């Protein structure tokens, strides 16, 4: 009887051990889904792009100034899509970086506690607005407004899409920058105030330089956001590829082109189908570059304090 | 103007030329929100002397010191009552009409942990001058060198003024912070436990520096280390639970304190 | 001596007056910048509300899209959004919470864990349309799930997975070690500790992350378009509950669908003003949905910070 009792307990312990291992393995698999997603993205983009680049030389893709894959005389130059992406992003960043930085400095160094408590959730809400809503706003409110100032502005244009996208990105820039500034140790601020510095001097000469790499990371994450933004541009900037550096013109971005193709009915495996993966690969590489740079900067900032 | 409420220093110790008051707190109360951290403190600070504040941790010595440059104004909910007079112009530092920035331009501070800015050695020392709008290169150069010499750091850094201040050792960083505080010719220099984050050798060099500096400037130092107070100061104040228990010439405090509480603390029976 | 001090004090006061002007200038600029955000948002909301108000009726919620703008509604869109969200929740919550628990409680400190962590941060920065391409290549064609509710739900689940993982980890990290040690001291296993203590205590934090993730998912347009949601749907997917045995049907998972943001996109890109006011009305509904979800999450987090003092 006692022997039985012991072996019974041992058996239960072993069972519990096996159970624990199974659960750990299941949780491990859940964690691996994120790796699998990345691997999936890379594989799918590479596989379809590989087929694409067998038919279109990489050199043509990078240098041709026409992007007309759906025409009978198809040309596959990414430059027009790239120019649309870069111009709209530039307009957006011209709005988001100054305003985002000023808001971050203001909230971190100037604003009274109560205002900060209200402003931060509000900015978060601003970041939660669906981009299609911003697209509607850009096309049907901002563009008509801009046309009163510039009468010859076309209905689709990079300017209004870029401006609205800039407002959309402000919360990203301001919240990451503000986090970086608030992480600057109070001792540095006290050191500056003890020397008789004003708030503005302390913010500009001590806090901002100390938080520099964190703020730079915020900018870069903002750039990555702008480059990858889709709906505002698809709605308000048009879907016509156009190699231009003028924000007053309509032009498709890489993302808008993918939307345009997806809206149509392209047969699986056709070259038209593969173009969106080649375009997507270009986009993914660009954002990957910015993300890696941004995270490296953030990491450096964390190490400093 | 003679402080009527300030405790008088024992006559025997005041041999030599009579000390001149540089500053004086009068019936100072201080509140963190509802909590009263300082209770009715009155004591003088003598010109070109070192005054030490000692007492167990939490006794309010740092809080008291930070009243002198209105550091408490940085945080909401803090409140002063009473006066801190600055002589010879009879300015009440705590007066609402006196801008805390004005106070801080006249009274510099060195903190517990070295807190150099993320800038070059040169720009760290020049910070106070920049804040005051000085841009003339020659003048700033001279002031930086003079301050670094006074802080006994010049010989160690003169060849690398452009290096980032973070690359200096802890003791060097603290001397850099002293140079930063000296560069603007303050009337009073506040030291808030300046050696608590440093090793014994660096501590010795800072103590030597304080002894040298009192030729030029009035010094108020907070220290948790009684030996340090005995070594560097001319006057010592013992505080406990936000009250000033005893203020006197340092030798008197350490050899024959009048108050039983002070004696217990000095002799290590308490604290 | 006294004169020299007086002169010095006067100089200092003049200097401070000059410098403080910049404080005021910057303070004003800061408030104005904040106001630009507030103003944009207010104008955006009011503009849509005014344009869409005539269409915001009960019929609008209960009608299918139509060629006649006056009769069109968002019935198939909100039903589709709801179904997609159900799939997203079922996939993303267990995976996200499981991954978060693994990374905080189980993961050994090795290269595999590092890899997973770097991955999660990087995935958060991948543009949503790239997820759409992944889903198109993988779910639609490779797995043959087609352009269905299931595909869309899984795509959005992958998209919001990083949000839920990060929220779970932060919530777990805020639980003091003493609670864990207390549980282990009583002889509990790792999983017992996680299931009875760690997960329940971090539930409000996890919930915040889930709601923010869902608010984002419900407003996402680009990946769903890429997957190939139909823009004109005048039917509902088969109901999950049937009148006849076996009562439960999973046909809806493979049905075609549309969602709110796509319906709005479709109407926005029509040239007729009447359709655009439909878009505005749909936009108001969508905005109210996402904003109330975000507000709820912010509120939960606010309560959490206020109430729990370990």
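To keep things simple, chains are lettered A, B and C as they appear, and every chain counts its residues starting from 1.
As a working rule, a residue touches a chain if its C-beta (ideal position, glycine included) is under 8 Å from a C-beta of that chain, and two chains touch if they have at least 3 such contacts.
A quick note: this is a predicted structure, and the numbers were derived from the prediction, not measured.
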Any chain that touches chain C and chain B: A
Contact-richer chain pair [A-B vs A-C]: A-C
Chain B and chain C, separation of their C-alpha mean positions in angstrom: 53
Rounded Å distance, chain A centre to chain B centre (Cα mean): 50
Chain A and chain C, separation of their C-alpha mean positions in angstrom: 15
For chain C, residues contacting two or more additional chains: 16, 19-20
Where chain B touches two or more other chains, by residue: 101-102, 105, 131-132
Chain A residues counted as touching two or more neighbouring chains: 198, 201
Chain B - residues contacting chain C, complex: 88-89, 91, 99, 101-102, 105-106, 131-133
In the complex, chain B residues that touch chain A: 69, 71, 74, 76, 101-102, 104-105, 108-109, 111, 113, 115-119, 127-128, 130-132, 177, 180-181, 184
Interfacial residue positions of chain A with respect to chain B in the complex: 113, 185, 187-198, 201, 205-206, 209-210, 212, 304
List of chain C residues in touch with chain A within their complex: 16, 19-20, 22-23, 25-27, 29-31, 33-34, 36-38, 40-41, 43-44, 47-48, 51, 94-96, 98-99, 101-103, 106-107, 115-116, 119-123, 125-134, 136-138, 141, 158, 161-162, 165, 189-191, 212, 215-216, 218-222, 225-228, 231, 261, 264-265, 268-269, 276, 279-280, 283, 286-287, 290-291, 293-295, 298, 302
Chain C-facing residues of chain A, complex: 16, 19-20, 23-24, 26-28, 30-35, 37-38, 40-41, 44-45, 47-48, 99, 102-103, 105-107, 110-111, 119, 121-126, 128-137, 139-141, 167, 170-171, 198-201, 203, 221, 224, 227-231, 234-235, 255, 258-259, 262-263, 268, 276-277, 280, 283-284, 287-288, 290-292, 294-295
